[in-house]
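A, B, C and D label the chains in the order they appear, each numbered from 1.
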Amino acid sequence: MSSVVANKRKIINDPVFGFISIPNDLVFDVLQHPYVQRLSRIRQLGLSNFVYPGAVHTRFLHSIGAMSLMQDAIAVLRQKGIEISHAESIAAQVAILLHDVGHGPFSHVLENTLVRGLSHEQVSLRMMQKINEQMQDKLSLAIQIFTDEYSRHFLHQLISSQLDVDRLDYLCRDSFFCGVSEGTVASARILKMLNVLDDRLVVESKGIYSIEKFLVARRLMYWQVYLHKTSVAAEQQLIYILRRAKDLAHKGQDLFASDALRFFLYEDVSATDFLTDDSVLDKYALLDDSDVLSAVKQWQNTGDVVLSTLSRGFTNRCLFKARMSESPLTEQERKELREQYARHFGIDEQQACYFFDEYSVSKDTYSPRDDSIDILFADGTTKDISQASDMLNLRMLTRRAVKHYLFYYKI
Amino acid sequence: MSSVVANKRKIINDPVFGFISIPNDLVFDVLQHPYVQRLSRIRQLGLSNFVYPGAVHTRFLHSIGAMSLMQDAIAVLRQKGIEISHAESIAAQVAILLHDVGHGPFSHVLENTLVRGLSHEQVSLRMMQKINEQMQDKLSLAIQIFTDEYSRHFLHQLISSQLDVDRLDYLCRDSFFCGVSEGTVASARILKMLNVLDDRLVVESKGIYSIEKFLVARRLMYWQVYLHKTSVAAEQQLIYILRRAKDLAHKGQDLFASDALRFFLYEDVSATDFLTDDSVLDKYALLDDSDVLSAVKQWQNTGDVVLSTLSRGFTNRCLFKARMSESPLTEQERKELREQYARHFGIDEQQACYFFDEYSVSKDTYSPRDDSIDILFADGTTKDISQASDMLNLRMLTRRAVKHYLFYYKI
Amino acid sequence: MSSVVANKRKIINDPVFGFISIPNDLVFDVLQHPYVQRLSRIRQLGLSNFVYPGAVHTRFLHSIGAMSLMQDAIAVLRQKGIEISHAESIAAQVAILLHDVGHGPFSHVLENTLVRGLSHEQVSLRMMQKINEQMQDKLSLAIQIFTDEYSRHFLHQLISSQLDVDRLDYLCRDSFFCGVSEGTVASARILKMLNVLDDRLVVESKGIYSIEKFLVARRLMYWQVYLHKTSVAAEQQLIYILRRAKDLAHKGQDLFASDALRFFLYEDVSATDFLTDDSVLDKYALLDDSDVLSAVKQWQNTGDVVLSTLSRGFTNRCLFKARMSESPLTEQERKELREQYARHFGIDEQQACYFFDEYSVSKDTYSPRDDSIDILFADGTTKDISQASDMLNLRMLTRRAVKHYLFYYKI
Amino acid sequence: MSSVVANKRKIINDPVFGFISIPNDLVFDVLQHPYVQRLSRIRQLGLSNFVYPGAVHTRFLHSIGAMSLMQDAIAVLRQKGIEISHAESIAAQVAILLHDVGHGPFSHVLENTLVRGLSHEQVSLRMMQKINEQMQDKLSLAIQIFTDEYSRHFLHQLISSQLDVDRLDYLCRDSFFCGVSEGTVASARILKMLNVLDDRLVVESKGIYSIEKFLVARRLMYWQVYLHKTSVAAEQQLIYILRRAKDLAHKGQDLFASDALRFFLYEDVSATDFLTDDSVLDKYALLDDSDVLSAVKQWQNTGDVVLSTLSRGFTNRCLFKARMSESPLTEQERKELREQYARHFGIDEQQACYFFDEYSVSKDTYSPRDDSIDILFADGTTKDISQASDMLNLRMLTRRAVKHYLFYYKI
């Protein structure tokens, strides 16, 4: 069936980048795979829409957008004389299309509750391998590029590095849907400045200011969107909800949940199970935002005070308050809070712990340790951006900014 | 609690219109009402994201955007000397904020399956009345304006007429999120041209070309987005899924569903029940997209061939094909199709009817019968746009365009 | 020298379409030709900036933008299997780059005063031939395409037809710089829908709504921008200024003017002179907006009442008033106006005629007589858009809209 | 006459900010003043269109845009409880409308050639005073605010400080017309964050990231646009052209020039003459881009080798080449260059100096010495942005970046 459809619908309309072409049948078949279609039911920014109500775009569209930037990047590099074969081009596109396929709904929340000890990157790789099996190994090169086992390192860097098309897409896209115009980065311009030297991605020196701007925009998006205290508060609340639900499940209480969600609530799944037992992966592949939202909504009416209170708050946007704090709570302060909530709700102090939390968020803007951004000068030499820019310097950029928060349920 | 929050968050960031201010506490409280928060889990365009993957924006943001245009419209009219009191201004904003509150998930689908015989307008009014009761009648003026029982007709027209802020918002917004730039209308410009004559909204004559453009953009959006054959096909498929689920429910089969969805699957609810029995409304107010999506996904694994086949297709984007046709199927053709599906799936011919459908969509661009667009000339006279424009003429605009489709499951 | 420069600057930054690439050295050399550089001193919209102060963009940028759309159009057609050779591609780009090269400053004004009887198209062709001589006949194919003498008609249609890239660029560009967002056409989308059938450009049928929208946008731009009464009034005023200056010149009065402008003021140049005498073309090729603006500014202080009054008004934006009228002035009314201005300025009635004018503007939206827009249906048949659209009809679209104005100097 | 016009045209269409309202008759009359209308013939970015062909916007539109931001800023401050009277509001708008009125064509060029020793700020003030005399002192408050002699300092800061509406407009506007999207600053967002503390403008602390972004965008615009080497090269070439013309004028040679330009070529005008002799100001007020462009174009055909060569190059975009250099030329190198050009053109070594130049450009991103950006924290304290930001630090921001160039005519 897919081949018929493939003929009919080769262009996707993206509000951010305009028309995006699906280059061939393989990419189309990958797009149609249930693992990928599932991303169309998972929001890219999880709970950010509590703050930015336009931010409801999906991981599906992000993946397609990143693929489109990959097409542009390859065209730019080819124009500069870097030879990239058709097979490499398609593989790089497939790899970026699938780079996030392992994400679950509210990924950060899930990794702290139902699927502990497992990163979405590991799941992505596992899923790619499964799709590869189903598609007669046509994804092998894509997987090699994804895992950086292919001989040409720069192709991997286009997928995962400080300047990869993943970041270029999500900064553009997230700022677009949030309405935070300041987060926009000039993707087209940055791509135009890319080059390859000794099998590594470099940025031509006239692109220095664009890179500075890119780093500042990214930083702004972190503090203004990704780590916005209200989003983080909502995440904490959802973490507590799922933890409480799991506790109750383990005590044998029957909770409303789809089969897929039920599995992860009632079973204890280890990272190993995940990577070895296909039935676990199959369950996971059925999860999306709707399972969680629908269950939490129904849990409003559960008998348990903790679960129903937090679920009702979550559903009706009565979220944890966030207060920035200089230092962690003292033992005494924690005790008082416990007592206060216990008294208010008529619950024990252990349950009272579900109504407040401490949290630290930290972010460094740029870390050359992991992977640098190399600037290429006219004389053929390169420097790391932290050396090349007279504005940015290493100390400043690598300094971790840390913020402490107290989250608590307003009573 | 809400008043505290109200102090903190009076500006909403909208990717379409920028910063939108919440004007006062009443509006904030309305925004926080569970009926309204629920709209943040209902997509404005239902299933259009199968075609336009960016089109996942919610009815919540549309309502806020329309409120913002109402603020602009009032400011324009006041500048032209039309007196509008503070109370009227707030009421008009509340009315537009709530104009769509009665929408359920996939509204058109629901009205054809679970809540037959009931329009979302009726539910909106019922919900407004309920909120009004809870808020000490502070919404009475808003409701009067909504129902056109208030003495000043033009305020109602701003909410519901050929040029209301509802339309101006959704055309802008839907085209923005779909990435169909041609659907954009110049809302700001059109609002600048509004005036009031004899208690009716009129458009100043220099706005004629903008109105022509507005009508053409609307028409384009209808055919290119709202009535796109793939969206309509997906809707038909979902209608069949829910009808089959309801059939099975009535036969006593146990299907996965949230309590709210279960209620409408297993009970037969009449329009009267809805408007008289608060418990029915309460159930309805718990429904959103997640209930439907989550259930359909799980129904993939139901024993029933019809339900599982259609649900699996819906979840994995294997949708009904649509073929435009000149004329309806003959009885003979219908019979052959029934036999074909019956044979293929090993089901009876009655069940086979779930795999194809005929459908006609029709739309007239502009109908002065319902409500005209009056153009105000410098000499104080007015003409209907179909008279005032030398391009548009009544016959053309009021001609209904009709398209016939055959939808069928590809085997 | 140019080849060195060519290496350095192959990308132009266009606020409308983003990065535009200069494809090869020939195109670069054409861009650097003095005839083309001159377009960077000629505003695309003449005097429209009196109404839309942002509309100061030049014919130079329009030419480059149109070239960019030509690149896109060729890419689309090649993707659909239409073979277009490299030589044809470059020639088409050169042809569109030069399609307006014959424009003088305030083209419409000049054609009514200093260079009567000569269209800018004729001058464009003459200039192309001159450049061709200087560039060893490298432009011969471009000229053939421009004049429709090349065997492949559709290439000419891309340059000059109802849907040429000239129109697509200027509608986008003019609406962008004017800030009239409603005039924008979805160039990218329309180009995607182009195809070639029997050597003619056609639009695929799913593009019908875009074409409708294009025609309406064009119509809107005509009435709201190109034929805006204040721009037309300013044009009329400039026509009168130049006519008066020419009269005075012929009477032997010494007026400030650059050599190039002086030539056309003091000599009577026929169309034949133009096309046969290279020295006339050389003079013309030196004219740009600055000659006219600078001269008119200085003529404020001329002794002649007519010339100084109109020039002072023009320089300080005291323009002719425009009043729409149903019918032409009667002989009696004309006489009264003449007497009034004669009395006011102490001039004779012949001179008084310089202070008012009548003018009719007319425009038909679409005329299939000249060149149709053919819609291609799935079954391979074509229909003219006026037949294919259920909204537009021939009678309506071909009806000429006419408006009469009286322009007069306010005293 | 103007009052009549005032009634008719109170809204200006700006491609950057949309509709801009002229608030009252005084502002309209100021807009219509010949000093201000003259700005519509002076390009905001001088010669930047040699690099960015879209950058032909005028100082007129910039002034109007800045006025529009002033309206927004005042509305924001009033909403926060800062009382600003109607008279203050109008005065602030008039002051910003006139803040650049003293600019001549190619301001930097002129200040280095024809009007040495005089800043455009001084001329702006002088012109404001003249307009004030003509308008019955209605501009007195505006002038006080402009010169910071009014009691409320923050009103002056809105016109002239690190975060004034002048900068906010020109960064937005210049990046828009250049097509350098990275230079855009979120003016609307920054304005929303303004407040007044102790009569000084401050930025609320949640605006820190926006301010960081603003500083980085400004820095990018400096190096990518304002100090782009090709623009600077073109400026140097024009400086040499005017110097050579002045030399020839002083030697008694007759050169083509409008009366206004002629005056400054043939007379030696001191700064004192300017501020004391109204006839000098009157001449200056007649100068605009067209006088310079038209004259240089004609000087192509002058007998003088230096003037004709440089003028021909300027007119046909054969500009000085720019080469970045580490150190200044040695005396020996300068000598060799002089000899080379002298030989090539058959001129003496003094004239040969007109064909090359050295130039240093420097820029600090932010200098708290001049005027700081104060960040207001929730506890009521303020810090300078260089203290408040964990990314920016004083040392880095105040470090002057310097670049040396050699400019030379390519032979």
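Please note the rule applied: contacts are C-beta pairs under 8 Å (C-beta built on N, C-alpha and C of every residue); 3 or more make two chains touch, one makes a residue touch a chain.
Treat the numbers as computed from the prediction; the structure is a model and nothing was measured.
J.: When the contacting C-beta pairs are counted for C-D and for B-D, which pair yields the higher total?
T.: C-D
J.: Measuring centre to centre, with centres taken as mean CA positions, what chain is farthest from chain B?
T.: The chain lying farthest from chain B is D.
J.: Return the distance between the CA-based centres of chain C and chain D, expressed in whole Å.
T.: From the centre of chain C to the centre of chain D is 31 Å.
J.: Please work out the Cα centroid separation of chain B and chain D, and write it as a whole number of Å.
T.: The answer is 51 Å.
J.: Residues touching two or more other chains, restricted to chain A: which are they?
T.: Expected reply: 18, 189.
J.: Under the definition above, what is the set of chain A residues touching chain D in their complex?
T.: That would be residues 181-182, 184-186, 189, 209-210, 212-213, 216-217, 219-220, 223-224, 365, 390-391, 393, 396-397, 399, 401 of chain A.
J.: Give the list of chain D residues in touch with chain C in this complex.
T.: 1, 4, 12-16, 18, 32, 34, 37, 40-41, 49, 51-54, 56-58, 60-61, 64, 176-180, 256, 258-260, 286, 288-291, 293-294, 297-298, 301, 315-318, 410
J.: Quick one: in the complex, what on chain B touches chain D?
T.: Going through chain B, the ones touching chain D are 11, 18-19, 188-189, 192.
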